[in-house]
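The two complexes that follow have subunit A in common; it is paired with subunit B in the first and with subunit C in the second.
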Partner chain A sequence: MPEIRLLKVSKHICRDVDLTIRDGEVFVVVGTTGAGKTTLLNVIAGVTDYKGKVLIDGVDVNGVPPQKRGVGYLFQGLALFPHLTTASNIAFGLHARGHNKRAVNDRVLTLMEMMRITHLSGRYPHMLSGGEKKRVALARSLAPSPNILLLDEPTSSLDHQTSKYLRSELLFLLKKLAVTTVYVTHDLREAEEIADRIAVMSKGKVEQVSTPRNLFFDPRNRSVAEFIGMPNIIECTGSRVLASGLVEVESGDLRILLPYDGNNLAKIAIHPEDIYLSDVRDPGPALNRFTGRVDEIIHQGATVRVKVSVDKMMLLTEMTQDAFEEIAIEQGKEVNVVIKMRRLRYVEA
Partner chain B sequence: MTFKGISIACSFTTFGLYAVLILSLFYFFRTETLWDALFSERTLFSIRLSVVAATISTFLSVLIAVPSAFALSRYDFAGKKAVDTILELPMIVSPAALGAMLLIFFNNPLGLWIQDHGVQFVFTFYGIVLAQFVTVCGVSTRLIKAAMDEIPVRYEAVARTLGASPGKAFLTITLPLSRRGIVAASILSWAKALGEFGATITIAGSMAMKTETLPIAIFMRLASAEIEGTVVLILILVSIGLSILYIVRILSRGDSYA
Partner chain C sequence: MRRRTERLQSALGILPIVVFVALWEAVGRLGLFAGQLLFPPFSAVMAEFYHLTANGVLGENFLSSLTRVLIGLFSGSVAGIAVGVVMGWKDVANKALGPIISLLFPIPALGWLPLLMLWIGINEMLPITIIFICSFFPVVYNTATGIRNVDRRFIQAAETLGASNIRILFRVIIPLALPNIFTGLRLEAGMSWRVLIAAEMVAIPTGIGALLMKAESLVRVDIILVCLIVLSIMCLLFEKGFALAERRMVGKWSNHA
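On to the complex of A and B.
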């Protein structure tokens, strides 16, 4: 499967984007709305004009029309052809490429079985649910066996459960097909789950490309740090195994428990929204519960960031304005701090 | 009165206006005149001529309008605004002026050459078709363009990434999706061509059994004060027009993908 290189690509908000997507990897592009993520996919697919160069396996494909780039593209709005049934939608690309009827039928059947949509074969798009439409669109983009797969927000506008389920299936499928995939999402957790590497885009520029873990522990600049949610990075000075799969990490006087099988942690990252503040001590086991002092309260529209000192360590926390109004905290006062155990990220020594 | 009530009342006012005009024809209606007029060779010729000419001119205009509308809807090109604006020409100038423009053209050297070496348009059946074509071509292009503007360009982009050439994407995606719009444009163009009078009489004249379409026959009867005959011809024109529109409307039902 091919390597994709973008050299000084400019289109709309995107300015001089240089990017290399490795052969067979799942490359996730994240960024806020309007960052230029979809534009990047359109450029690779060749469905828009652009400045700069796109190389596929070292071959300059500028001027090569979309139908000859060997790219499968799952558009954000899916764009299932409304006048065609599920089977005909999937078969479209095969017919367009001149495959014979029998080969088309076999391939369509295989894909419908793989995506578990055989029972939807004769239905039109308006008769399908959101999740079913996504499966049909994915089968359609895979039908001509593309070398490159472009996925634009493939799990957006689905309920949490369906989205999670589809994501795990997608991950399995992408690894099985070993197709070079460029996956666009605005959801960082989704990116982290599925990516071999992540590119963070902001205002048309690629701010950082790295593995998911490095992104959280080593954001290159303020823009990336803001996008990944300004995680609190805690250096581990020691750790001990409490039980199988449970470790107590030391950082100064702070002791944090986290589920981990081993005893060699270097750093842990805690997202500001994974730290809860409370003016009263909640009942329950005292795991990852501390007492801190409010240093600073920063109002940011719908959210509030609170800086809290816990045993000489400053932790950044974040909550909604509504949640903030429900707790009586003031600058300089004591506050109860709870760190959500399951959402901790770590880096090994 | 509620807003819903007011809007429905307005639609019935429009209906009522046309219904009163049609019903008022019956004041001068005579059954015996109907049979005489209906089965006269001259009337049957006018009906046949009108239907055939309107069908040919509509077919030709839709044939040109579909690709033109696609180009105007999808591409940016030099002179696009000029092309887009001139589509309105038949609506800006009166049909008689349009016919006069055609007549003047065929008296220019180029027009004369076309008449001498190609097809004779002035005072012939071809003139009727041309007059109707010129009148409806802009309208059908405008209507089909509106239908194609409604179809997201994304569908064609998807088709392209799946391996379809621009032409194949147009034929397999855009054309079927704009079918309703094309049918509607064809119906309206045909109805407009069937009732076309000003341009037709200017270029093709009003020769009985040669270039006398139904609207021209109506005018000729009225000019010679044959009110009862005029009424019968109007009723024939209205019946043909409305029944075909109604049939096509029924046939194109259930075409929605939503």
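On to the complex of A and C.
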């Protein structure tokens, strides 16, 4: 499966994008709406003109039409042919490549079984649910056995449950097929779950490319840090195992518990929205609870960021305006701080 | 239960026509309106209908009109679709032909009649040419619009799936433009009859239009009414025929049908 290189690619908002996507990896491109993510996919697929160069396995494919790039593309709007049934949609690419009828039928059946949509074979796209459409579109893009798979927001506009389910299936499928995959999403959690490497895009530029874990601990600039939600990075000065799967991490005078098997943590990242503030001491076990002082309150539209110092350490917290109004906190006053244990990220030493 | 309701509803749909015919019959028989000569009752018109059918006059004229419509409409539509597809598909063709079509399209088909009478002469080609013109321009316009309006994403999807341009045209673009193409065809199916009658009334000695004119000169209101009924039914049948074809070809997947 091929390696994809973009050299100084410019199109629409994208300016001089250089990027290498490794052979067989799941490369996720994240960024806000309008960052240029879809444009990047269109350039790789060759369905748009562009400046710069695209190399697939070292071969310059500028001038090679989309038909000959060996790319499977799941479009954001899916672009299922409305006049064709599920089976005919999936068969389209196979007929186009001149496979004989029997080979087409066999392949379509296999794909429908794989995506568990055999029962939808004779239905037209307008008769399918959002999740079903995604499966059909995915089967269609996989049918001609592409070497490169481009997925544009494959789980968007699905309900949470369906999206989660489809994502885990996709992850399994991509590993099994070992195709080079470029996966576009605006959802960082999704990216983290599925990516070998993540590229953060902003205003047509690739700001950073790294493994999911490194992204959280080493955001290259303010724009990336903002996009990943300004996590609090805490250096670990020591740690001890409390029980199997539970570790107490020291950072200065602060002691934080987190679920982890082992005893070699270097850093932990805590998202601002995973730190709760309260003006009264909540009942319940005193795990990951601290007393801090409010340093600064920053109003940002619907959310409020509060900087709190806990034992010489500054923590950034974030809450909705509504939640903020329910607690009585003021600059310089004491506040109770609770760190959610479940969603902590860490780097090992 | 639902089928019964549907049947009842379609029966109710005919009711106004029944009332209309009954009123017509009554007014005719009672001689309320300028006497039976100028306003024959429905039954007298039906009797004349039978008579004209039996002696072959209606059949003969109807067949010559029908032949003209079928040839004119078919050739006009086929040519219109072909030119429309090329114009919608290739920007060069659109730029070259678009302005000419825009200039010619607004001319009412009958406006061509005097010119065509001089160019072609008074023969079978005259009504056929008029119908050709009448169907050609709207079909070109609707087809080209339909082709151009096909979402680019479908074309891009077909490209990434390996389809050649010709395959994309015939398997993706034209099928997706069908609802638009049918809009043009449906409009013209009825319109071609209207244009034909006018042409026959003015210039051609055979056909339903000519029969109408003859009846007028003989003050045979019953024959005029027979001709009008035939026309009404034919316009309706042609329009419904295309609507049915559209439902067959497009209804399964399109939201419009």
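Note that in this section the second predicted complex is superposed on the first by the 349 of 349 C-alpha atoms of A that agree within 3 Å, B and C clash if a C-alpha of one lies under 4 Å from a C-alpha of the other, contacts with A are read in each partner's own complex, and residues count from 1 in each chain.
The working rule: a residue touches a chain if its C-beta (ideal position, glycine included) is under 8 Å from a C-beta of that chain, and two chains touch if they have at least 3 such contacts.
Computed from a predicted model, the values in this text were never measured in an experiment.
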Practice task
Using the superposition on subunit A, decide if subunit B and subunit C clash or fit.
Solution key: clash
Practice task
In the overlay, answer first, second, both or neither for which of subunit B and subunit C A:96 touches.
Solution key: both
Handout entry: Partner chain in contact with A:270 - subunit B first, subunit C second, else both or neither
Key = neither
Practice task
With the two complexes superposed on chain A, say which partner A:65 touches: subunit B (first), subunit C (second), both, or neither.
Solution key: both
Exercise for the section: Using the superposition on chain A described above, determine whether A:224 touches subunit B (first), subunit C (second), both, or neither. Expected result: neither
Exercise for the section: Scan A:306 for contacts with subunit B and subunit C and give back first, second, both or neither. Expected result: neither
Exercise for the section: Considering only the touch criterion stated at the top, classify A:200 as touching first (subunit B), second (subunit C), both, or neither. Expected result: neither
Problem - Common interface positions of subunit A, toward subunit B and toward subunit C - result: 42, 45-47, 65-67, 69, 71-73, 75, 77, 79, 81-83, 92-93, 96-97, 124-126, 140-141, 143-144
Handout entry: Touching residues (chain side subunit C, partner subunit A) in the complex
Key = 151, 153-154, 156-164, 167, 171-172, 175-176, 178, 250, 252-255
Problem - Contact set on subunit A toward subunit C in their complex - result: 42, 45-47, 65-69, 71-73, 75, 77, 79, 81-84, 92-93, 96-97, 124-126, 140-141, 143-144
Handout entry: Complex contacts: residues of subunit B adjacent to subunit A
Key = 152, 154-155, 157-166, 168, 172-173, 176-177, 257-258
Handout entry: Residues of subunit A that touch subunit B when the two form their complex
Key = 42, 45-47, 65-67, 69, 71-73, 75, 77, 79, 81-83, 92-93, 96-97, 124-126, 140-141, 143-144
